[in-house]
């Protein structure tokens, strides 16, 4: 089940996970294994529990029971911010850019192991802090150029368009140098050309060895981009496999029709 | 110890009456109204002023006391409605956030307390009603204590009737539980809010009157109740008036029973500790939200 | 001319004390977004700890250091239950805490001198500075401290630490998924803010050569709130300016207007405090960003 076999190392392993949220069992004894270096698509009807699963995986909600493994390491009770240093990154369904910070600051914020985040360093090692800041800024500016957001670097994030905010969120997450990325509907509300651009970014990330789990509402999108598809309904994974197999799977069709 | 139980129940009733208004505001407007304590105090003084005025006219101490109660209740409702019109509705209109409302409520608390002190002065005031004392065995009960409990019970029954048996009450409960849904289903939210202030602050007025009757009127008396009232609200479950009643009685009892082994100055600490314990271990309180 | 100097020195000393006090609150509220309605408690803890140690024979410098640690520590401890709580609960918790502390200082007379307070403690460099110039010395000391605090806080504000705090203030969940230990940041901000409050308390004790519970009523916390809001939350320059305006106007107004107004001292004092309440309401309704605040970065 977890990390024994060299051939099938799992980037993410969810075991028997349960979470009651808002009076509903949003995640119900859920099992999910995601191999390293693949793009997984998570689909399912509305209210299936996909976003709740992400909240639990990223550590913003605590599970009622069950286990979560990031690679070999159990992270079930690891606080959210520590999961980041273990390689986990995520974006939100409704983009949450920090509107009152400037675009460049949004990115610089995400850099890990910043000396300047310790009060002692700020006051007593200003030069070291400044040097590291310079390096972080260089990296952030590179990211902005890569995302075509360079001209907006001093703009308050709140003034960006929806599509630009989406790119900013992705860039910010990438600044974390993650190994496993959870993306909640990255293409939602985005025009087709930007959508294709984002898909390209995802493919590029996979090539760099990252593992990606994407929640997608648009089934066509998911079939295009995913190596493996997981179908979630009423808190459980009811089917998983390559896109073509899922498309024809009866259980899946029933789930979507039933939830209608 | 029985004496403490009796005083505990008495003060618990007063706390409960105040806590009801507080929890209604929490549930419907979703913020902690920090001015509630001091406004209870203001109503207490309004009650006293009515009593003195009616006594000077009619020379009957009981009629004057009734006038005081009515004055405090009506005064409370008018104050609640008044602040809604001049402060709360405009603030909501400007998109006032939770923090803005907290700060404004503090402003109201400070302003009303110090205007009250400017008018009434720093001294103590008393109702000059000679209490009748009853003895049940060893137990000593005064007529005032009986009156407090009776008035509180009557008020709570009245509230129960409104909340469960009237359309307004249903609307209030709906707005407290599911505000967005309430609005969409045609409930006039502004009207609900107005009535929330009228009822909540009316009860606060009654609490003030009874408080003044039972002990003495002094500056800062209202503020002194703030922490216990909040503890009662949190204990009972935020937004739940029945929880607030139960919480109020519990806090009143707990505070007075603590006098067995704690010096009087730390009575308030009991509320504080109860609050912390509830917030850490069972944040939704005993009864959660009313459905 | 000679008559007005001591008055100006007095006003500036009080301004400095409130500036320090409010800078601490600005860090907690303006930068970290924490609602502290009990800030005065930490001023009291700092002042009393220093004085009590001082009276037991500890050197004033060491007493100050320990007092700062205690004040800061108390602040950090308070964040433990408070850290997961919504603003409302933090507000009521901090009010409750400051009231309980006040009762404590009032009733534990064996330690704190009760209502009578404590006197007779040593002050910095008392043996060196001549008595008639001590106030001037204190003025320099206080404003020197304010300057250092200001520089240190500005450095923090512009640093990655400050940036992380800003993100926490706006959206905690995002900060968490970006790897920020939100609880640690809040605790640090509260600790530092309480240290500044404690320092202000010590300066006040030195200025009056006296400490007693009546210096630490809850309304003092709200003087600081007005100063912070008036100056523009998260704006340290504004905080200092706000202190100057509020204290300056209040003290000067009381001194010069007081005799003119046909009210007795008590009533006048009460109305002055009522005005604070009205000011809070008016500011929130009509100008929440204060004088120097940034409308865009408003978190009200």
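By letter and in written order, the chains are A, B and C; residue numbering begins at 1 in each of them.
FYI, a residue touches a chain if its C-beta (ideal position, glycine included) is under 8 Å from a C-beta of that chain, and two chains touch if they have at least 3 such contacts.
Predicted, not measured: the structure shown is a model, and the values here were computed from it.
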Touching groups left behind when subunit B is ignored (all other chains fixed): one piece
Of all other chains, the one whose Cα centre sits farthest from subunit C: A
Identifier of the chain whose CA centre is least distant from the whole-structure CA centre: C
Centroid distance [mean C-alpha coordinates] between subunit C and subunit A, Å: 42
Distance from the mean Cα position of subunit B to that of subunit A, given in whole angstrom: 48
Averaged-CA centre spacing for the pair subunit C and subunit B, given as whole angstrom: 31
Residues of subunit C whose C-beta touches two or more other chains: 299
Residues of subunit A that touch subunit C when the two form their complex: 58-60, 79-82, 84-85, 89-90, 92, 96, 98-101, 105, 108-110, 112, 114-119, 122-123, 126, 129, 133, 156, 158, 172, 176
Interfacial residue positions of subunit B with respect to subunit C in the complex: 26, 31-32, 34, 87, 90-91, 94, 96-100, 102-104, 106-115, 117-118, 121-122, 223, 226-227, 230, 234, 263, 265-266, 268-269, 271-272, 275-276, 279-280
Subunit B contact footprint on subunit C (complex, rising order): 35, 37, 81, 85-89, 91-93, 95-97, 99-100, 103, 106-107, 218-219, 222, 225, 229, 266-267, 270-271, 273-281, 284-285, 288, 299-300
Footprint of subunit A on subunit C - complex, ascending: 152, 155-156, 159-161, 163-164, 166-167, 170-171, 173-182, 188, 192, 296-297, 299
